[in-house]
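Just so it is clear, A, B, C, D and E label the chains in written order, and each chain counts residues from 1 on its own.
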Amino acid sequence: MPEILQVQGLETQFRTREGVIHAVNGVSFSLKEGETLGIVGESGCGKSVTVMSMLRLIPSPPGKVTAGKALFQGRDLLTMSDEEIRHIRGAQISMVFQDPMTSFNPVLTIGRQVSEPLEVHMGLNQKQAEDRVAEMLAKVGIPNPKDRLNNYPHQFSGGMRQRVMIAMALVCNPQILIADEPTTALDVTIQAQIVDLVKRLRDELGMAIIWITHDLGVIAGLADRMAVMYGGFIIETAPVRDLYGHPTHPYTIGLLGSLPRMDEAGSRRLVSIDGLPPVLLEKPTYCPFAPRCKYAVERCWHENPPLMQVSPDHYSACWVDTETGRERS
Amino acid sequence: MATKPSVNPTPSQIADLTMMTVKPRSLWVDAWYRLIRNKAAVAGMIVIIFFLFVAIFANQLAPHNPLQTNAGKSFLPPAWMEVGPNGRPSDPAFFFGTDNLGRDVLSRTIYGARVSIVVGFLPTIVIVLVGSVVGLLAGYKGGQFDNILMRFTDVIYAFPDLLFFIIVMVTLRETFIGKLLNGLFLLFMALAIVNWVGFARVVRGQVLSLKEKEFIEAARCIGASDARIMFRHLLPNSLGPIIILSALTIPGMIITEAILGYLGLGLTPSTNPNDIFITSWGALMLDGQAAINAQPWLILPPAICVSLMVLAFTFLGDGLRDALDPRLQGTQ
Amino acid sequence: MGKYLIRRLLWLIPVIIVVSGITFILMHSAPGGPWDRDTTARQVDQNTQRILNEYYGLDKPLWRQYVAYVIGDFNKQGKFVCGLVCGNLGPSYRMRGLTIQQILFMPPEGKNFLYSRFGYSMRLGVFALLFAVAIGIPAGVIAALKQNTIIDYVSLFIVTIGISVPNFVMALFLIILFASTLKWVNIVPRSWDEVSVWVLPTVILGFGTMARTARLMRGSMLEVMRMDYIRTARSKGLAERVVVLRHMIKNSLIPVVTILGPALAALVTGSFIIETMFGFPGMGRAYVTAIGQRDYSMIMGTTLIYAVLIALANLSVDIVYSFLDPRIRLD
Amino acid sequence: MTSTEVLLQVRDLVKHFPIMRGTLIQRQVGAVRAVDGVSFDVFHGETLGLVGESGCGKSTTGRAILQLYRPTSGSVIFEGVDLVGLKGEDLRKMRRRMQMIFQDPYASLNPRMTVGQIIGEPLIIHGIADRKEAQERAEELLRLVGLNPAYTNRYPHEFSGGQRQRVGVARALALQPAFIVCDEPISALDVSVQAQVVNLLEDLQAQMGLTYLFIAHDLSMVRHISNRIAVMYLGVVVELADRHELYNHPLHPYTQALLSAVPIPDPVIEARRQRIILKGDVPSPINPPSGCRFRTRCPLADTICAEQRPEFREVAPGHWVACHMV
Amino acid sequence: MRSKLLVFVSVLILASMVLSACQPAAATPETIVQTVVVEGEVREVVVTATPAAAQPEAKQPVLRVNLGSWPDIIDPQKSSFVNEIAHLKLIYEGLTKLDGQLNTVPGAAEKWEYNEDATELTFTLRKGLKYSDGTILNAKRFEYSILRNIDPATAGEYAAITDNIAGAVAWREADVANLSEEELQALKDGVEVKALDLNGNPCTDYEQEDCLILKVGLDGDPATPEREPAPFMHTVLSLWVTYPAKEELIAEGGDIWWTSSKYHIGNGPFIVKTLEPFVRGYFVPNPNYWAGVPTYDIEFSYITDSAVAFEAYKNNEFDIVPLVAEDLAVVQQDPVLSKEAQIYPGSCTFAFYMNQDKPPFDEKPVREAFAYGTNREAWVTDILQGLGSPTLTWIPKGFPGYDPNETRYGFDLEKAKEAIAKSSYGSFENLPPIKLTFSGTARNRTRFEWLAAQWSQNLGVKVELDPVEPTAYTALTKNRETLPQVFYLGWCADYPDPQNWLSVYWMSTSEFARRYGFANAEMDALMKKGDTTLDPQERLTYYDQAQKLLVDTAAVIFMVNNVNSYLVKPWVKGIVFTPQDAGWPGDVDPLSITIDTSMIP
């Protein structure tokens, strides 16, 4: 499969009163056609900022992309004109956001909002757009889609709204769907519905997906490949089974360990990661996870580890081999 | 994480270290730092302090007795004009010129600051006290009490303020209250009566939203009494909006006093130079307005002072809002 | 919706009764009466006063006067004269022969309703509001879009001035500047049919509201700009213009609209100083004069009209609100 | 660990929130039936988990037990005293025995008070300690929940979410209660921090013999911490059982669906799992379905489900379920 | 630096914003495109029109006057204020009128005669008098008007002014509620006002051309049963209360007849064209006026704010505006304006009244002391900026009965001290605080602040100022119970006769004297003598003595006579100024006024 998106050395900073916050610090990854990439991390680790930076959706000021490239089909999203990137947003790369409540404009009808990308990118007239929207709403499982076009967002339940949001993102048949914590605000049963829906649509439409989440459970059944972020860095990336089966970075290990599992027989004590995620007021010259790391060695305080290959297609940014507890050479 | 310890400390030690290096800061202190970073608000504060100073030391600052009439020196132009449009030469002793009785406009303007300061603050204090308590009760207790307050506001909003002012001033003129502070006390009360309802409504709204916060439930859960919840928990947390609203109520009071003064209501003119309240900017504007063609300097100093003062309070109020309203944090 | 309207309108009745009651007590507690004239004028003699009091029923006990005003009373001929309940606002004591509704709503000969005193005030209020909206809303939008730039600061400063400078001070200066010095407009209207004569009163009256509108619009825009759905709109590839016009402004307008109704009421009712300065034939002036003259029915009539106006303004805000914001349902 | 001594008995607990209308005279036009007849026991020293989707009434149940919402009907018998109808000083006394930990660590601490004041306040209210003693006790409690005792003069906004939640725990512990309602205490926290708080709660339970009612929507976490689990749906408890029993033999179709929806962080297992996907959304609690509340989404629903409300019965020792089809 | 720039830019923007808003201000002729269909083809015709306001009746010059405030009522028998009378004087004319020297001269009546004991007054109307609509005006009309003024149903505010007509008081004060129609009719018939034809027969209707005689029975003192002479009555009947508004039109128009120009058909020099409340009143010449036809129209405007009116005058938007003290200095300084200022005596006297019921003013020496201690000249120069003339007596200069020799109680601090020494207080320091009550208007505030300063500086008395809302002030001064300690009032002549100054005001039975508790038997006797004496010269001597007695009581501190002051554009020529000018100068003889259109810029 050819790579459809390549992000290289992306850096994003925010200017605040306290100083410049280094939110994303040289993130690189790539996405193949039809592939699902899961990006996992705690809040504030820079996962949302990464994709927002890519699509140039971070508010500026205070945010600013300071370095890097985001090549979409070979064209750099970060340097193209406003006009060009507008043609990509919503048409070829579209997004689904976390909170389906606030992500819809409360005063416009669903039909209007969902058809907007069609008007902009496909130049459809109102009638055509309406048909297409109704078709799309049916596809995401909204009952009586024709009648609901004139409804307002508040007339939908949370789950339904998220379905509409997905319909809106997919209405122009994009090549990439970016889902930014799309299920976090939903109940477990609804979450399952949404994950199911996306899976089905992916198989049907064949788009690539970047799925951002902090919940390692949700993504396990969905992703092909995973990237774990911490402090604005990708600290581990691997195919999904590899990552869950053989996590190598202490942070990934900790994350997996802190999750209780339904299928566990006994009651083990949860692994907790002490301390707090960092707020990076300067670009760290050491491993940002070192202050919370059980494995940290002297080197961790002096040198920020780059992503290093640990097995084919499995990369980890840690000086310590967590299986042996020894420092990598 | 500015420092890089060379030894490997435990994570909690690091957290402690970073926390102990900064002094504890209440939200008030935070807000204060935000406030003093706001240039407009600081300018506003300086102006207010300046006028406060002028008001307190009016006796010492005024170059003349503000009641001293100077026969033959009426309508003198201000010092920077050689000859006024009325052909009279200026007198350096009267910097802002003189009014129709030959009284020093500068001195009168200085004394006028007192009324504006007091009329800005005192009714506001009454409004804040009454409005906060009623708003607190209505918001917290709800029910019929709340219902009555809300219905009462309908009536007050529909009610003609001016009629009320005029009639109160006229009917209570002869009473003890009417004479207190040259009639200012009555004015305070009238202003407060008309304005507390709006204030109560805002506090009520604030309380209604705070009431839903979990820390109020937490307080109930640990057995706090209603009074304690209202005054220890709800009030301090509504204080931000209350302060903002007070700062924005003050200029309203000053303008209202000016307008009432302009209509000839409010302050009773004093004849005793030892009185605290001798004249007000509103009354000075009233004097000046009739003579605006010939002697614009009569209306200029009080008009500019009123505008400056109101501007200062508005800037301060805006600054306070930015500093105290957490929702706006980060937008500046 | 219909039920809601009816309920709100019915609620006007107790409001009117309470407001009229308070007004009645207040105005009758002020010393002096409608026959007390300017001190330089000859005063009405006692006999005439007696006749007039009898004629207008002012010799009756206060509670009866109030009942007569609100419900009605039998006149000398034994005929029942209906009061407020029939929309009768009573006779003017100063413009004898005229009823309050005639004074306020009857246009001069050969003119239409817009030339009545109420019509004049309403027109001035509406113009001032239009001015406030036409300037205030774009100013607020631009200031918000250019937040923390010089444009933002300048408009903020003007807006703060607009809120701070009392409008009679501004009126005087603008008259001197534009009418006396620059001679761009006439001070004394030959006729209120000319557009130019409305300019100054409209601008001065509307300035404060304009300032408040701009401020509110700016704040509201800043809030809306941070909303998630704006990000959503951008992520759909909408042009910035569309994002601003379709997604930001409509949402930002909601809080602004809520002040506009009461603002209109305030502009129609609160213009007496402007009216006096420009010799404007509106009802704000009539109201202040009536208080001074103790023209009781006129005070009551104007107060009640104001009360109804304010209540209707608030009601229309609620209705407009429900149209603008589909989340609000009136019931 | 679990005794069979009943600490808290909840019987037919009902909480309806009236919907009021009217301009001058308000009248009730309907009610949100948030909790509609809930019964269960809590044993000494155990953790009873209460799960359900949002809006199912689990938080209301917790608050109604603590009398933060006065129940519409039913009884809450705690240590032999019926709390419903208890007023004034009597209720205040009972409050010392039962406390609550709240969901939102940001909203549950008064931002204008120092941490020391927050933790010490219950002591002062109940006249247990004076200002100075309260301060000392606050320091102790901070140490107990794993925070630096020197933090007493700090304000809540200076802490992270996890630390704040510890402060919330410390406040709940100040009165040395026997019973604590934990209302989704971890759902607002980051994953890595959730474990910290859960571990703390477990440690404290072991140390002080506390009894928890642990309310959450995250079934995996509830299962981890609880001894027994009650599943709520639309104001009623549909199933209650030992945690292993519940996981291994869920009887109610809703419980089954809920269990199947919980993701497991293992791609291998996830790939194999068959989910029961429920249709549609939870109906409105203002107008709940007749008979069995779950019938509108239930794959097994029959005519009887619309007509009759299923009895909450014990189908196996300690395993209660409310379903006609079981 | 940056904030300075900020201020500058913001001022600039504010200015440009307002400027742009004012752009359409210029009154440019508007072009109206009319579409005219001519025999099936459509043509566009361009018609240039000037704005409607600029094209009043043809090329007649217009005299633009700011009258100040809009009249409350324009009904001859109900009006009482100067601005109301100003309208009436243009539309109507009475039996007699005043000339520039305040002499009573013929109006609608060409002559009048008293019988030998002056208990009856006979007017003879001019022949062929017409209303502006061409209908006949005969004596019957005046009979109606005078009776309407007395009619209790009218309840006019000047009804009492005609009380010296025999029978008037009885009808006017009738207890209407308890009298039958017949009894009332009898009272009405008892009023001795009769229109007669040239043969002495009662007139039949309004169309009767030879109905030119009006006989009025008089009673100098209605309180006594005897008929006493009233030799001043021809002057009283020059007042607006006799103006002959048409009965049928009043009936047709109902209560609000006076609001419509349709019903204001009069016999005066002008016809009212439009009455637009608060905006303008427009008057055109009456071609049927017996004395001639004015050569100009009159437009009244109603700007109350004197500062605005002054600006408008300077802007050439008015031809005549009142000149107020605040603007005087500017006017005097201006080479053009100073020539346009017209300042001349007025018809009022103002004085401080001391309440003789309340200490310390119950003692005459105290009153005397205050009268001595008040500097009238300084009041005029400092307060009035010269717009007034100090006076020590009651009737102003220019009015019959003026006493040029009065010098008592002039400003003299020594005498003030002597006077106070004679009082029971002994000195000013021992006086209780004096409360000075006044109508709390803008102007009054400064005036009384000045007076308080004067009294405390000159006399060392403590003065409390007590501004009261104007109407409340009036109410206070109307009631002897609530009468303030010291207050300021004035009296303006209704008609130029000492009777109006003295008997109407100071007679112990008069309403005014009763309010102030003023009663002086000696004065009463003198005034009554004056009222009933036929010989004009002899009358004056009695009034003169009465006035001297009034001054002697030191009941009031006479302060000033007002002056009338107006700004009049130079192209308005031939104005006859009199102290009695009502609202604007020139209404005494509008025919003498011409407008030199060539001078108008």
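In the analysis below, contacts are C-beta pairs under 8 Å (C-beta built on N, C-alpha and C of every residue); 3 or more make two chains touch, one makes a residue touch a chain.
Chains and their UniProt names: A = Peptide ABC transporter ATP-binding protein; B, C = ABC transmembrane type-1 domain-containing protein; D = Peptide ABC transporter substrate-binding protein; E = Solute-binding protein family 5 domain-containing protein.
Note that the structure is a prediction, hence the values are computed from the model and not measured.
Novice: Based on the averaged CA atom positions, which chain is farthest from chain A?
Specialist: Farthest from chain A by mean C-alpha position: E.
Novice: For the interfaces A-D and B-D, which has the higher count of C-beta pairs in contact?
Specialist: Answer to which pair has more contacts is A-D.
Novice: Which chain is in the middle, if each chain's centre is the mean of its C-alpha atoms?
Specialist: C
Novice: Quick one: chain B and chain E, Cα centre-to-centre, how many Å?
Specialist: Roughly 46 Å, centre to centre.
Novice: Taking the mean of the C-alpha atoms as each chain's centre, how many Å separate chain A from chain C?
Specialist: Comparing mean C-alpha positions, chain C is 54 Å from chain A.
Novice: What is the distance, in whole Å, between the centres of chain A and chain B, each centre taken as the mean of its C-alpha atoms?
Specialist: 51
Novice: What are the residues of chain C that contact at least two other chains?
Specialist: 11, 30-31, 161, 172, 176, 226 - these are the residues of chain C that touch more than one other chain.
Novice: Can you tell me which residues of chain D touch two or more of the remaining chains?
Specialist: Only 23-24 qualify.
Novice: So which bits of chain E are touching at least two other chains?
Specialist: Each of 307, 311, 469, 472 in chain E touches at least two other chains.
Novice: In the complex of these two chains, what residues of chain B are touching chain E?
Specialist: 39, 43, 67-69, 71-72, 74-75, 84-88, 99-102, 166, 169-170, 173, 264-265, 268-272, 283, 286-287, 289-295
Novice: Can you list the residues on chain B that touch chain D in the complex?
Specialist: Touching chain D: residues 12, 16, 19-20, 22, 24-28, 30, 147, 151, 213-215, 217-225, 228, 233, 236-237, 239 of chain B.
Novice: Where on chain B is chain C touching in the complex?
Specialist: 154-155, 157-160, 162-164, 166-168, 170-171, 251, 255, 258-259, 262-263, 285, 289, 292-293, 296, 299, 303, 306-307, 310-311, 314-315, 318, 327, 331-332
Novice: What residues of chain C sit close enough to touch chain A in their complex?
Specialist: Going by the criterion above, the answer is residues 226-229, 231-240, 242, 246-247, 250-251, 254, 324-327.
Novice: Help me check something: in the complex, which residues belonging to chain E touch chain C?
Specialist: Answer in residue numbers: 6-7, 9-10, 13-14, 17-18, 21-22, 24-27, 51-54, 66, 70, 72-73, 75, 78, 80-81, 152, 155-160, 172-173, 176-177, 254-262, 274-280, 301-305, 307-309, 311-312, 314-315, 317-318, 348, 439, 469-478, 482, 489-490, 492, 494, 511.
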